[in-house]
Every structure is written in structure tokens, then in C-alpha cells.
């Protein structure tokens, strides 16, 4: 590893560390999982211990899109617009069986999984997932952010 | 930019059109309110719903009577047990079943706990949207205790599917009394704190007093029921008007507001929680303790299978959802007879008839088959009268299943309530309605 | 006041408009011709019967068997604490009935939902458009002819099956 | 004079770093939706926002006025450091005049949006 690579990898770990503990989440809440999201975010299970407690209700200031609950075909363009308007770098968590795969609603109205609309980083199963599962999913996302190479736009491409 | 909505066509050219769209913290993610504004004053509003229309009624037409129970949890997902109760009681009315006494007691206990958690969630969201974040945290803490008490017995915190057609799935957890008692104590403490924080709070009063007023006649004309109707002064409560389960034997009042504004909706829900806590205490006193398990130590399922390969296994098998031992002898108190409930699982390990009956219950065309005809029955839900209108054609699938959603009618009045008010008044008015997407759009 | 006397009273009050009277598990049900729905319900809302609340309006699709759609109105009288269900059949080919928007305010959304789900036209409704589905959604999902899983996405979805 | 140069240098470099870091680290994937205003995810109802109503403008002006007044407090405080009571009196006159203007605007109903 040449000297320069050593420098950038050390810098990448520092950037990864910085990003993973300051996730500003945009809670895109629609359905029943929202109730479990409230429990996960509030005092009892406290998502804030992981640095992800601050909810930003504008995609301009959020870097984690937390899609919570069922996304129907009527809501699909809204989700796509909100995802597009988010700042880079951004991550997406599919929270609950309906967001992961359409869940128990396999019919004309529900999008069978939001990975058909937006690229998803972490899938949290459960209908609704217990708060512990939510925190575990968040930790998995943080590991992913830590390992994520930074695209330096010059030199090597990721 | 061709006008697709009514508000775009009818708006004055110089007024500003604002989207309080689906993805908005105060709109609970599933409603789009389009406002025509003159500076801060709302000239007219148009509400667009349907963002959480998940095809519940169409899905039910393709599921058997027993399999569609989990869908009823996700209707009003803040008080799921009350939807279960509504569906189960409508089916029992159609099948002409009488539910055993103990199952009815457990149903009232679970229903009231679910109602308190419904009001807690609604008021927590309403207070947070008016800026009182502390109240949100306090009420979520109280709700955790309630959900824990529910989870002890039903196995799930929220989507329980615990109240079944003909009774309940399992008996209460052995130390359910402790859980319910702590839940009631904690909720009372939180209610005292919150009323201290909000009742006299000038900011909260300024945002909710005389805001979003609806007269009695308009409330009836919109078909309002539940706490919102009672906030206008009409004491209509399905538990008193058409008593079901044991509500006629229990003593509780129906709190009523006087002006029908946001503050009254808030205070009616607070007082109603107090009544529900009183009901919980009365019911806890009424429910007798469980009879201890008769017979020797029960056999583990794996052991029962191994033995059953050589000869018939006599004796109970230790198997039940809350792993408290054999459920066969407790079934009489929990589930009505007549092949409506799921046969006990342990009999599938020990007897051939048990295996066949358990298998048959879930086979196509076999399970529960009510007579042809239609039926309507309603219970008092968190938002109002939750009614199920079911048409059956004698097969094992409903021909038509329609839910009478209380918050569908309440949100229909939103356009009239916010006209002429300021933009900031939309939030508490909408918060006090407790719109639940799953129930509104079905 | 048992359902029998109630039915007699309604039959006396409305006379020929009431086609038949039946009883479903203890609840009174009256069947009414489609074109006399508005006058009957207006009368029921009025003085003697005082059915002040339109609890619910829904529709059942009997198109396959009997070629008709059945509209089901649930009324509730607050003062007499009594419910009433009114069925009105409309031909499946061209389902249309008079709108109740002037009588009750929640009829607006209820009728928009039944129009959206079943395609029943409500004459006199000021803004009869889809309520639960979206613009550009062809067909009426709750009709038996509409396939259960036929989705009509609004935006292109990745790897549509 | 030297402290002034140091102050400008430090603040200048800090703001430059904060702007450039974003340009350096943030991946750049432009898409058309990002240029449009955020309307809670729904399509905007108007092509462009029409003339803004007068009350907004008046309140904005009043805010600007009082904000600039607050900004003046720093240099005034530094300039009057040694003066004791006299300096403080001059500061009070400055604040009083502006407060009078504020009360006048309030009484004229700038906050009452009929």
C-alpha cells in the first residue's frame, strides 16, 4: 500500500466512524410499524444511544431514509420523490415486512417491497419488528457505513 | 401544470396553494391536505386520503374466516385487540355462539388495555405536534407497560390476533395480575403528570381551546362516533347504548365535553382513560385465578412423538402458546364448543382423531362455515363505533366483508373544521381526530 | 320497542316504497327500490323516525349470480337507540342511484368510496371522483371481476414480475 | 490591526473548509427531482409562488431592523468598555429609540393578521 493509500484508508475509517454515529433519519412512517418505531425511538428502547435519534423531517437535512410500514402504489411516487430529494451520501432502511416484501398484503394495492422503488441498504423483518430487532438493524447499517469506501472522485473509483 | 385537483381549479389566482402532503410528521404519513392560503389564513382545504389503502376488503374475500384474523389487527393498529373483538363477535353473532364466561372476562380486560394504549398514542402524538415532547415520552413509557402486560398473555405487543372466533387463544399468563397492576399504576402516574403539564398550559390551551369547533348537528351529520362525538356533548357510547360482553355488569361513566373543540377531544380522551383504568381494576377482581393443572407432569412434545411411534401416548403434553402446560383441560373455559376454535395442538401428538381434526380445520372448504346471510355488529373502538358488516354465502370464505371505520367519518369533517383558521391550527385539529391510516383507507 | 312494531311503523309511514322487510340476526332490514332511495331516507331522517346518523354506506357485488349490485345503508336513531339497514339493488350493467349529499355530510366521502370501489354512479354528487385509489386507476377493485392481484403501478417499478 | 487579520484569517479558513469538505466528501449524483421544492413528496400545486402577502414583508422588515440592532451591541459593548455608566446610558438610548419603533409597529397591528 503506497503512502497515499495508507493516508486515505485511515481517513476513510475516520469518515466512516463520523458518519455512522451521526445518522440524521427521515422517518417515512405510514402504517402499523410506526407504532413500533415510536417505541424504538422513545425512552424505553432509545434509538438515540446509537446517534440516530435526531429525526429530520426534511429530506434536505437527512441522510437515512427510514421507510416504516406499508408503501402502496398510490404512495410510491411520493417515496421516490423523497428519496431523490435527499442529500448524498444517503442510506435506506426497509422497516417491517411490508416495506421489505409487501408482507401480508399481496394484492393490487401494495408495492411488493420498496426495493422496487429505491435501493435499500438494510432490511428489518418483522410485522412489526420488535424494538430490539430495529436496533440490531441499525447496528448492521452502522457496520456497513463503517466499511463503505469513500469515492474520492479522483484516483481509484470504488 | 394542468389542474388535477378541485382546489387547483377553484383557487383564486393570487392565493398560495400549499401541500401538507402524505410524507409529513403531523399527517401520520398517509393524508394529503391541500390548503389554499391567503397569508396564514386558510381559504379552503381539500383532503386526499387513500395513501394507505391496502385492499383489506378484497383480501378478505380471498381468505378463509380463520386466516383473515391477522388482517383485523392491522386495521386500527393502535388498538388491535378491539378490532379482533369486533370481528370475532360479529362472527359469533352470525354463528349463534355463546362464549364461555372466562373468555368474555379476558376479552374485556384485553379490550380495555388496548383502548388505553390507543388514547395514549393519540394524545402523545397530538401533544408532540403542539410542541410538548415531554408528554410524548411520558405517554410512550406508560404504553410500554401496557404492551408488556398484553405481551405476557397474547405473545405479541401489538399485532396479537389473540381474540379468536368463539373465545381467546390461550389463558392468561400466571402472573398477569402483577403486570396489569403495574401497568395501571404507571398509567395513572403518567396521566397525573400529563394533566398537570397540559390542562392549564396556556400554549396548549391557546392552540386547542375554541379551535376546530364542531356543533352537535354537524357531528351527527358527519356520522361522528366515539370520543369526538362525545366531545360535542352527545353521550353515545356503544358499550352503554348496546351493551355487549359484560359491560352492563361493570360500572363506568361516559365522559362528555361541552364545546366540541380540540381541547374537549383531548379532555374526553383523558377522562375516558381514567374510566378504562377503573374498568381494568374491576375486571381484574372479577377474573378467578386459573385452576392449577390437573394430572402429573406433562410430556414434552418431542418425547410424545418418540413414544407415539411405539404406542398410543396417554396423558397431557406440555404444549401451549405460553408454555404453561397442557391446554386441553383449560380449553373449555376459553373457547366455545362446536368446532369453531382451533383444536388443541397436543392432541395431534397423541391421537389420530386429534391429528385429523386439527388438519381438517385448516383445509380448504372445511374450517368454519357460517350459514348464508349477512350480519352487522359493532363494538366501541378507540375512535368510535367499529362495525363489521359481513355477507356470507355458506362457503369457507366471506362473500363480502366491510368495516365501518369510525375515523373515516371523523376525517371527512377536517375540511370544514380548518376553513377560515390559520395554518398552524390544522395540526392540533388533525391530531385530536386520531386518524389511523389502516382503518381509514382499509 | 321491538323490531316488529318498528317495522310496522316504517311500513305505515313509507307505504309502497318498502319492497320487503326481513330480519338479519335480530336487526331490522328493509329493501327499497333504487329510485326511491333518497325520498325514503329523507323521510326516515325526518320527524317520526329520527334516524339522525348515516352510520355507513357500502355495496355488495352480486353481479355474477343475479346481475345486480346491492347498496346497503346503515342508519341509526340516537333518540330511540335503534339501528336500521336499508338495501337497494341497482342493475350491474349501469349502476346509478340518487346521491344523499344534501341529507348527510359524510355521504360525500362514503359515496365517493363506493364509486371508487364498485363504479356505482351517484347522481347529484358534487365531486364524484376516486377516493381511495388514484387517478389513472382503471377498473373498480372490489368488483368480483377485478383480479385480486392486478396491480397498476403509478411509477415504473424495477423488475416487474 | 494584527488581531483583526488573525480573526479574518481564522474565520475565513474555517468557513472555506466547511464548504469545501462538503464538496470533497459528498458523492455527487444530480437528479431532476432534487431541484424541485420539497412539497412533502407530492407534486407541487403551483408552477411558481405568486406575490407574497404584505404581512410577511412587514414582519421580515421588523425582524431585520431588530436583528441589526443586536449585531450593533457587540462593537458598542467593546467601544464603551472603559466608560462606565455614561457608556451604558448611551447604549440604553440606542436601545430605547429602537424599542419605541417596535412598540409603534406593534400598536399599528403588524402582528394582527386579520
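The letters A, B, C and D name the chains in turn, as written, and every chain counts its residues from 1.
Simple rule for what comes next: a residue touches a chain if its C-beta (ideal position, glycine included) is under 8 Å from a C-beta of that chain, and two chains touch if they have at least 3 such contacts.
All figures in this text were calculated on a predicted structure; none of them were measured in a lab.
At the far end from subunit A, in terms of centres built from Cα atoms, lies C.
In terms of C-beta pairs in contact, the better-connected of the chain pairs A-D and B-C is B-C. Centre to centre, using the average C-alpha position, subunit A and subunit D are separated by 34 Å.
Centre-to-centre, using mean CA coordinates, subunit C is 58 Å away from subunit D. With centres set at the average Cα position, the gap from subunit B to subunit C is 25 Å. Rounded to whole angstrom units, the spacing between the C-alpha centres of subunit A and subunit B is 29. Contacts with at least two other chains are made by residues 74, 77-80, 82, 107-109 of subunit A. Annotation for subunit B: residues 21-24, 50, 53, 55, 58-59 touch two or more other chains.
Subunit D has residues 40-42 in contact with two or more other chains. Per the contact rule defined earlier, chains pair up in contact as A-B, A-C, A-D, B-C, B-D. Those residues of subunit C that touch subunit A in the complex are listed here as 133-134, 141, 146-155, 157-161.
Against subunit C, the residues of subunit B that register as touching in their complex are 4, 6, 49-50, 53, 55, 57-59, 61-62, 93-94, 218, 220-223, 225, 234, 236, 241-242, 373-376, 385, 387, 389, 391, 399-400, 402, 404, 408-409, 412-413, 416, 441-442.
By the touch rule above, subunit A contacts subunit B in their complex via residues 27-32, 34-36, 38-39, 42-44, 55, 57, 69-70, 72, 74-75, 78-79, 82, 104-105, 107-110, 127-128, 130.
Considering their complex, residues 73-74, 76-77, 80, 106-109, 111-112, 115-117 of subunit A touch subunit C.
Across the complex, subunit A is touched by residues 21-25, 28-30, 50-55, 58-59, 70-71, 73-74, 77-78, 121, 124, 136-137, 140-141, 143-144, 147, 157-159, 437-438 of subunit B.
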